[in-house]
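Here chain A shows up in two complexes: once beside chain B, once beside chain C.
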Partner chain A sequence: MYYDPFVLPFTLGLNILLIYLLARYTRWIRSFSKEEKRIIRKNIFTLKTWKAGKEVFLESLVHHKIYRTSPFLGYMHMCFGLGWFLLIVIGKIESLVYHTSLLNPPYFAIFFRFFHPAQETFPYSTTFAFLMDLVLLMILSGLTLAWIKRLYSKALGMKKTTRHRPFDLLILTVLWCIFPLRFLAESFTSGVRGGGHFLTHTAGDFFSRFLPIESLSYPAWWAYSSALGLFFLLLPFSRYMHIPTEIVCIFLKNWGIKQGRTFTTFSQFQLYSCSRCGICIDRCQLGNSLKITDTQPVYFLKALRHNTEHSVPTDNCLMCGRCEAACPVGISLNNLRLSQRKDGSRITKATYGYIPPITPPQAKIAYFAGCMGHLTPGIIQAMLTIFAKAKADYTFIDEKGGICCGRPLLLSGNQKAASVLRDKNNDLLNQSGASLLVTSCPICYKTFKEDYELNMPVMHHTEYIRLLLRQGHIQPHHSELRTIFHNPCELGRGSDVYAAPEEVLKAVSHKLPTVYDGRDSLCCGGSLANIHLTPLQRTQLSSDALKAYLTYHPDVLVTACPLCKKTFSKTETSVPVKDIAEVVAENLG
Partner chain B sequence: MNIWGFSISEARVINYDKNDKSIAAQLSKEVPDSNLCIGCGGCSATCTAGNLTDFNIRKLQMSIKRGETTEAARELHKCMLCGKCLTVCPRGVDTRKMILTLHKLLHN
Partner chain C sequence: MSIIIIGAGPAGCEAAYRLAQSGEQVELIEKENETGGNLNNWYQLFPDRKSAKELNRLLRQNLNHPNIRVHLNCEPVKIIRENNSFSIDLNDGAQLQGEALLLTTGFRTFNARRKEEYGYGIYENVMTSVELENFLTNHQLQTSTGKKPERIGLIQCVGSRDEKICNFHCSKVCCITAVKQAVEIREILPDAEILCFYMDMRMFGPGYEELYREAQEKYNIRFIRGRLSEASENLSKQVMIKAEDTLVGKPIRMSLDLMILMVGMEPSEGTRQLATQLNLKLAPNGFLHTADPHYATNLTSTPGIFSAGCSTSPMNLTDTLTDARSAAIAIKEFLLSNRANTHKKH
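For the complex of A and B:
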């Protein structure tokens, strides 16, 4: 029996942590709704579980998504994730090869160098010693990067880093102690009685020259075990709760559990999965343009988790989704925030009873300009020109007396009122007999796709124009204009439409590539989701966004959203802002 | 019977001294830019709800300032929060926030 009292802090800490996690997750999983439980049961024994396992490896261990932000940052996180994992796994295998009993206690593998007499060899013992040293070196290199990040975060691709609670700083210090302590303990032991490999053996020799390592080695093991034990004890109350929770969360996500607009048990899993890495901070335009530093998801989720005041951050968000697109954990940040917006209105079906029923003329295509579309007659005109040129059989469904799609209500938390408008529009659209719905407004588009039950497909006008181009129904000429594209939040990140506008714009102009293409486009500042900014702050946002785009010196700034166009055109600009439909219509000849 | 398309307004009294202006005071505190309104009516002209029914943001805000909150509370619900008014306001009044704040104030 291998045992020494110093293993107690580690063993106690680990056991308390495991019992705590088991109790907590069981309680959460039991509070899932019946439907969610059914989904889990249905998918648990399918390939989805295998896929989730793969994702856990890539996300929780390799942290592959962080490499997009910065390779150094990715490597740093990988050292801790994958490094620690390998240390445990290889250590366990090593201990099994040596001891050949599956039932050796967990501490035996962790403190193997203490228990194993170094002169005794076993199969591959040198290889194991080499691997363990290599992995330890990898973790220590990650640790060095973490220190550099504290001192100068820009070196690791982050302009700003998270402000942590004192408690989280304490556990961070404990975490930082763990690996150097392991290194010291193994080195001292190696110095005393041999063993180890290129790292710990060399270090042991080195330390033995000037340190009383014989009297230091045993206390070092105590310190290492205590640091581990303390880390495990503090973990459930710190941000490091993300380590076990993210794994469960990935499985739940793969089995088909979704984050809706209400706060559910799955939201708890998402909430605790936030590692507060702070990657969202640099993405937030409210921080970059307006110096608002308490509303970024990392702080919002922190306030939500620790139950501190968060009414302002709840409302003060553009829901542009830039943070969500960069979040390495893939947390549904927008929906979590929406779940905290309270339904303040008292609206019943009768409230909107004043809306008269419309019977639109029957046609194959229903065109819905949307409220914002009506604010920008240029876009409507362009669309009508395109419809006419393509000889499309269409009806302009909200030409007169159209109503709002309901998404603006939804964005301010008024889900009931939104559903009343949704029902009305749903009936109108379904009765139109159209086989395709085309809309000019990405806000409408998103809710049509996600929340409506339409009996026809929905296309944003960029997608429709692309279809017309591909089928040869319109043949616009390629102009000499140099354009850059501002992908609206609700269209790109919101509805995953990237390829269509890109293709259309390239067909009619010289589209300049920018760093704001795709998922990295900016928010124009006009977002209806924010109910806290002052109009002056909004102007600041849009002029900063414009400035960023205009560094590319385009002839035209092209967007695909009436609200973006309207917002940008309110700002003094030397470059015209146009909708993609207008650019196409101009080139139809 | 209204055969001319217009009728004579009934006489009414607005008592500035007795009316409850606490809502107006609170609104001006929570949405300070609502004080910037010059009553141009741009919001009402573009209003999606106003296009379909007798709903007028300019009038609503006037009622609140006068302390006629009962009428405002009745009207308020008609708004669809689409945000067109916000986009057209030449004075930069956050009309949408105004409506949301009024929802909160008038129902508590």
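For the complex of A and C:
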């Protein structure tokens, strides 16, 4: 029996952690709704579980999404995730090869160099020693990057890194101690008894020259074990709870559990999956333009998890989705935020009783400009021109006015009021008898797609124009205008419409590529989701965004949302701001 | 050495004349080919309906003073400040030296295209209050299709008191301008329905309230408290508007044959450019900051540089001219103390 009292801190810490996690996750999983439990049961023994396993490897270990933000940052996270994993797995295999009993205690593999008399060889022992040293070196290199990041985050591609609680700084220190202590313990032991490979053996030799390593090696193993034990004990109360939780979360997600607009058990899993890596910080325009530093998801989720005051951060968010698009854990940040907004409406069905039913003329296509569309008659005119040119059988369904789609209310937390409007509007649209609904407003578009039960497909006008182009119903000229495209939050990140506007704009103008293309477009600052900013702050946001776009010196800044257009036009701009429909209509002969 | 005045609108002309009268040499710079500024676009003045041309003529006549040199079609391209004097290069190559600088660069009217929901530049029968003045001069008012308008709406606060377009300030003169213009329209079109949509009627000047009352009682102008929300155009090119009558608490929907937008005031391009160039402090509304809103309305954040008229805030003509005279006194005081100091040193 291999045993030494120094393994106790590690063993105790690990067991307490495992019992805690088991209890916690069981309690959470039990509180899932019946429907959610049914979904889990249905999918648990399918390929989805395999897919989830793959995702766990890619995200929890390799951290491949972080490489998009910065290769250094990705490597740093991979060193900890994959490195530590390999250290455990290879160590375990090594211990199994040496000591063929499957049931050797976990500490045996972790402290193998202590228990294994180095003179004794076993199959591939040198290879194992080499691999273990290599992995340790990888982790130590990652650790060095982590130190650099704390001191100078820009070096790793982050303008700002997370401000942590004192408690999290404590456990961070403990984590940072673990691997150097392992390195020292293995090196000292190697110096005394031999063993190890290029790293620990060399270091052991080196230390033996000037350190009393004989008397240091045993305390070093104690220190290493204690650091591990302490880390495990502190883990459930720290941000490192994300390590086990993210894995469970990935499985749940793959099995089909979704984060809706209310706070559920799954939200708990999401909340604890946040590693506070801080990648969301640089993405947030409220931080970059307005120096608001308490509302980024990392801080919002922290406040939510530790139940500290978070009413302002709850409301002070554009819900532009820039953070969500970059979140390496894939947390549904917008919906989590929405789940905290208070539903304060006292609106009932009777509130909108005065709205007369509309009996629109029947046509194949129903065009819905939306409230914001009505504030930008230029866009409406462009769309009517396009419909006429394409000889489309259409009816302007809200020409004389319509009902709000409900999404602005929903974004402010008034979900009940939103549903009243939605039901009313849903009926009106379904009565139109049209076979296609086209809208100019991405805000309407998103809720039509996600929340309505329409008896016809819905298209944003960018998609409809692309269809007309592809079918040859309109043939606009290709103008010499140099354009750049501002993809509205609700259309791009919100509804995943990227290709259609790109194709349309390239067909009618010379579209310049920018770093803000696709998922990285900025928020115009006009977002209906923020109920906290002052008008002056909003102006600051929009003029900063505009400035960023105009560094590309386009002839026109093109967008595909009436609200974005209005927001960018509220200050006098040197470059015209147009909707994509207007650019297309201008180029129709 | 002389005093340099930039901008020959009413404020610039009046200040130039008063300074000249007091014995100072004045260089008056104007970027247009005539003096008068925004006054050139106006037909009649409120509330007494005096001819704008008459006042303009008087102001222009005063500039014949031997102490005044007017530089038309000129803009400063370079302003250098040395010790207690200014040296200004003009775009025509001239170089001016001055002891003090007075900015009377005034305002520009709000670009109504920025308020897209009102359809200016998109719908044919939407025009601004400035454009209406031109029609009033010619005593003729028609729709784009040549029809006699039957219903006309005047929309207040376009570009004023509107946080959505970042103009928080009240432009002061649009209320009374709308009343005056409504009366003038009535004289051209005795049978038309004339409506005025307002947020508040701010009748702050002498005779304004009286004209407002007269407009309702004698000229049958309808005043509706409520802001226009949106407008569209129908096939016969009428403007279909949506608003709310907030006194009755009911939404309104109607068609207008003509819609007039009472555009507000913003600091002019010249005011903005000079403020940047001279590093002058601006008030939150974008106009020039004055040292004290009660007692030092003509002092900017830099000694030796003065301001008057609408470069510091929206004003009516009466206040603009008064402010110009006040600037003349402030400059005179500055010069006297400057000269006394130089004298002492010698």
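Definition applied: the second predicted complex is superposed on the first by the 589 of 589 C-alpha atoms of A that agree within 3 Å, B and C clash if a C-alpha of one lies under 4 Å from a C-alpha of the other, contacts with A are read in each partner's own complex, and residues count from 1 in each chain.
Just so it is clear, a contact is a pair of C-beta atoms (placed from the backbone, for glycine too) under 8 Å apart; a residue touches a chain by one contact, two chains touch by 3 or more.
Bear in mind that the values here come from a model prediction, so they are computed numbers and not experimental data.
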Superposition on chain A - do chain B and chain C clash or fit: clash
Contacts of A:Ser569 with chain B and chain C, given as first, second, both or neither: second
Partner chain in contact with A:Pro377 - chain B first, chain C second, else both or neither: second
Contacts of A:Gly91 with chain B and chain C, given as first, second, both or neither: neither
Partner chain in contact with A:Leu421 - chain B first, chain C second, else both or neither: first
Touched partner set for A:Ile347, first chain B, second chain C, both or neither: first
Partner chain in contact with A:Glu399 - chain B first, chain C second, else both or neither: second
Contact breadth on chain A, by residue count: chain C or chain B: B
Touching partner for A:Leu528 - first (chain B), second (chain C), both, neither: first
Set of chain A residues, in rising order, touched by both chain B and chain C: 374-375, 401, 535-536, 539, 566, 570
Touching residues on chain A, where the partner in the complex is chain C: 374-378, 380-381, 399, 401, 535-536, 539, 565-566, 569-572
Chain A - residues contacting chain B, complex: 344-347, 351-352, 354-356, 371-372, 374-375, 401-404, 406, 408-409, 412, 414, 417, 421, 526, 528, 531-536, 539, 563, 566-567, 570
In the complex, chain C residues that touch chain A: 111, 114, 116-117, 119, 122-123, 163-166, 168, 230-233, 242, 253
Interface residues, chain B side, partner chain A - complex: 32-33, 46, 48-49, 51-53, 55, 77-78, 80-84, 86-89, 92-94, 96-97, 100, 103-104, 107
